[in-house]
Amino acid sequence: MTEAVMVPMEHGLALAAILFSIGLIGVMVRRNIILILMSIEVMLNACGLAFIVAGARWGAADGQIMFMIILTIAAAEVSVGLGLLLQVHRRLRTIDIDSASRLQG
Amino acid sequence: MSGLQLQALLPIITLSSLILIQMMFIAFARNLRLTVSISVIALLLTALSFFPMVDHLPISATPLIQLDGFALFYSGLVLLGALMVTFLSYDYLRDQGERQDEFFMLLLLSCLGALILVSSNHFASFILGLELLGVSLYTMMSYPTRGLFTLEAALKYLILSGVSSAFILFGAALIYAIEGKLGFTELAGMNHTSAASGQFILLMGSTMIFAGIMFKLSLAPFHLWTPDVYDGAPAPVTAFLATVSKGAIFALALRLFTTTGLIDLDPLLRGLSFVAMVSILAGNLLALLQDNVKRILAYSSIAHMGYLAVAFVVAGKAGGQIMAMEAASYFLFAYFLTTLLAFSVVTIMSIADHEVDTTNLGDYEGLFWRRPALAAVFTATLLSLAGIPLTAGFIGKFYIFSIGVAAEAWLLMAFVVIGSGIGIFYYLRIIFAMTKAPRTDVKIEIPTASGWVAVVLTVSLVLFGVYPSPIIDLIGELMISFG
Amino acid sequence: MTESPLWPLVVYFFAVIALVLIILGLSSLVGPRSTMQRATIEPFESGVVGIGSSQIPISVEFYLIAMFFVIFDLETVYIFAWAVAFFELGLFGYLAISVFILILVVALIYEWKSGALDWGVKKRVGLRE
Amino acid sequence: MLVIALIGVLIAGGLIAWLSEGWNRDWPKWVSLVTIFLAAILIVPMFSLQPLVHQPDHSEWLLIYDYPWIPRFGISFLLGLDGLSLLMVALTVFLGLVALISSWDEIDKRPGFFQFNLLWTLAGVVGVFVALDLFLFFFFWEVMLIPMYLLIAIWGHERRAYASMKFFLFTQISGLLMLVSILALVLFAEALTGKLSFNYFDLVDLPLDESLSWWLMLGFFIAFVVKLPGFPFHTWLPDAHTQAPTAASVLLAGILLKTGAYGLIRFTLPLFPGAANDIAHVAMLLGAIGVVYGAIQAFSQDDFKRLVAYSSVSHMGFVLIGIYALQEITLQGSVMQMVAHGISTAALFMIAGALQHRLHTRDMNKMGGLWMDMPRMGAIALFFIVASLGMPGLGNFVGEFLVLMGAFQVDLHIAVFAALGLITAAVYSLIAMQKVFQGTPTQGRSLADFNSREVSTMLLMMIGLTLLGIHPQPVFDMVEPTLRGVFTLTSPAGTWLGVSP
């Protein structure tokens, strides 16, 4: 394909950055653990997007490979997170992170 | 894939296959003793599997793994830490009810992650190792059925380390976008790209990676999670987190920043020395306010990471690199011994208690009269943390001082001196608490495995504090074949 | 191609953060402070008083199944990637993927044995009552 | 091997004493008694050693051992013994004996661990007095603190937590400053000579840049003056002395303070002669202030131990003046003052400890008329009090006299100012004597007088002081070579006369 129809890389990266920041803010402001996990998912996928964009620029497969790795990581994170969540739910009957924070810093 | 490269992968292969075997044993013949002995065998075999390749270092097996003296040294540390933690957690979990076996499997898994991390030479292996380490680590944290705190600690750590991994990944993506490479060695000398935009994105990327790593090392602006997690997690897991996990990540950070020349980015270096100062100050000052031994240890570990960051800064300065690496390696070695010992004492104290670990300063009052040996060991540990002679910690502190003075980083040195001064205060508080009159005279049982761990660690702590030359020479030899 | 101007990225990045901060700040500033009353927290059912909780407890097994699904469909992702490049990878690739599958099989056996797959009966490892 | 054997004996003795507690609670003190006697036996042959004339570069030394320790940093296990070190080591062991005797019946909890700390403190101090490798010196410098800290923290009196913490913090932080200067010195020396070495002989009097050597010197100076203790940094001392158990006070006052003075003579002056000359006046002024300030403080104390503590601030002020007057007689005088003050203050602390042991108070207003109950103790106390106020014919007098005599030639005002200290000393000492032993005795009080064990120790010290007073020449001859070396380094113009009163 030719230069003309290509989206410049910066725009892709910018999109990824926006997604990333949204995820980050979600992690920071959300109180519900499930939503926090989802925001982390968003952040990780933003990274994946960034990798794919970058890979497209270099026309190399590395980007996609990293994306697969990221998918795996995200899956692992989230499944462990859900497991812990279930435990918390069993013990506290809530998934509000504040009520799950009794340790005083 | 040549035989040599296969040889380089041998430790990883050994460990993972033994993990599978252990898994099968757990599935079909669940028996705690058996599981633990398999873990020990696995760790020992892995350690052995390093020896064949000692003569032909450095080997780069696949672009992902780079085995050199540096990696070898830190792998040794990781295995040591994992072994000690295995013994500790055996005593800790033994009478915690059924089905504790998986814990040891997870321990091996995160040890595998750490091994990958210390020898990784590519962002892919970096991320994989990091996650393998992290995911199994917070599973370990939440594993024992001890109150709620463990769960909260695990959740906090999961969320924060998830975020920091995301940061690292995004940074890596940005760097990849500019450079088109992911291997550390190919990235070497990269920050000479022409375009200003490239420079900017590059700087942003490396800053994000930097931030992520600071998170994991709990350096000062990003240290908030540390005390909660240290306090909440069961003592052996805290020991693992404090030593193996941090050590591996530090090793990787050192390799990453030095080989890719990221360290030469001036803003990064300045940020780093800032981080070092803040961590030293914050760690020591906040520790003063605590009445909880685990939290004190948490803050003191923040301060120690600050001292390590000094080595980092010096590594960035011209010429100082090899010396700084040597210093960092010895300091980390001493830190491993000391921290493991400290947490083994905490573990021994906590075994009797089933709900939460015994970590209040009050519980340690009169230890000198109840269990003189244990108290003496703990005193040695604290003195080593404070960097007093006769202990390995002193030599580590001495190393930091010498590189700092050699690099003429006077401001940093001032912070180190002040920090150490404050540090003495709270370490002595614990020692003094132990010399008070005992509140109870409940007998403290010292289980065999942990007892032996404590003995071995104490002996080496004093030995390498008085006669450090063997380790120094070893490090010197290994560092030669770096990169 | 890299030479295309940089400012869009910068502007986007900071614009996003600024925007979100503004939205949050404004909403917290000018947003209505609802005084807490008995009816405040109830869902609005056009006057009808809601009965029961909207959160029906979902059986834990669903979560587990979801996790297993996530994990195993990732396996297929890898296998797919391998299958695409089957001929390039050749024997070594074949060995690699079979090791990969072997590991997952072992994991599956483990889960089976430790009762992660059986429905209802709570003799599972991970989840203690 | 003598010196190494000496340190080894003390360390081993400490461990044995600790272990022996397990079998019998009375063994530890016997063990450490035996240990100290062995140490004393090891010291005797040292007095007959001849200088190593066959080694030209250190000909004034009696013994030199050099073993590699951490070659990576050019650190070696370098021990050296010369007249000064020998004198100090002998004093250390002697006062160790005194400390042991003074605490003979006092310690009831964990006697083994107590003796362990006692002996290890001695070992650390001996190490400080003989170490010639700067790293090794710092090593011992820190090592001697920990057991002392434990002595105060575990067996101290009511405010021991505060006192021990203060003691440790002061000495530690100043020690860290010294470590930084040591490292800086070594690294700059490497830049000059191209040889990384902590060896004393490689570092003496290097042609360093003026301001640099000034800063490095400051690091050492502060560390040593804190220990001495010099005027602004003395605040740890009264608390530590007062709260410490008798044995620890004896060791603190008797020898730990001397390590500071020793460090000044052995390291600060020879390593940075130029800078030492620059700071000389300030140091002398600090010393004079210390003399007067300590005296005045002592004057206003009710606590007997605290009084003695402040009096030693005052007396060590003379040492500081003497060292920095940089005259041959003042150097001699301060060494003499170190020894004499060590003995007299140790004795006074022993008496204070005995009083507290019998009366369970240190408040002098609660005492009085004790001469009636305890004539022997009274007489002995009188002797040591007049000794410490500088009675002619006793060691302290010789020291202070020489110091002042030299100081007059250097700086009249400071010398006169310091001389005031002598008068105040007389006042507070006699007032203390009066408060404690004269006056009307409280009725119905039966107190055990000094028993033979204590009396014999006291007699030993009295003889020592008297000898120092009437025939000090042997001591002068002993330390003369060392001091001459220092003198020639610091004031190349001056001519060394030697002292013969």
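Points worth noting:
A, B, C and D are the chain letters, set down in written order, and residue numbers restart from 1 in every chain.
Just so we're on the same page, contacts are C-beta pairs under 8 Å (C-beta built on N, C-alpha and C of every residue); 3 or more make two chains touch, one makes a residue touch a chain.
In this text, all values refer to a predicted model and were calculated from it rather than measured experimentally.
Across A-B and B-D, the chain pair carrying more C-beta contacts is A-B. One simple way to say how far apart two chains are is to compare their mean CA positions; for subunit B and subunit C this gives 30 Å. Rounded to whole angstrom, the centroid-to-centroid distance between subunit B and subunit D, based on C-alpha atoms, equals 43 Å.
Centroids built from CA atoms put subunit D at 66 Å from subunit A.
Shared interface positions of subunit C, i.e. residues touching 2 or more other chains, are given as 2, 5-6, 9.
Residue positions of subunit D touching 2 or more other chains: none. Annotation for subunit B: residues touching 2 or more other chains are 197, 201.
You'll find the chains touch as A-B, A-C, B-C, B-D. Per the touch definition, subunit C reaches subunit A in the complex via residues 1-2, 4-6, 8-9, 12-13, 16-17, 20, 24, 60, 63, 66-67, 70-71, 74, 77-78, 81, 126-127, 129. By the touch criterion stated above, subunit A contacts subunit B in their complex at residues 9-10, 13, 16-17, 20, 23-24, 27, 33, 36-37, 40, 43-44, 46-47, 50-51, 53-55, 57-58, 60, 62-63, 65-66, 69-70, 73, 76-77, 80-81, 83-85, 87-88, 91-92, 97, 100-103, 105.
Against subunit C, the residues of subunit A that register as touching in their complex are 3, 6, 8-11, 13-15, 17-18, 21-22, 25, 29, 57, 68, 71-72, 75, 78-79, 82-83, 86-87, 90.
Contact residues on subunit C toward subunit B in their complex (touch as defined above): 2-3, 5-6, 9-10, 92, 103, 106-107, 109-110, 112-114, 125, 128. Every residue of subunit B that touches subunit D in the complex is listed here, in rising order: 368-369, 372, 383, 388-390, 394, 398, 401-402, 405-406, 413, 417, 420-421, 424-425, 428, 431-432, 435, 467-469, 472-473, 476.
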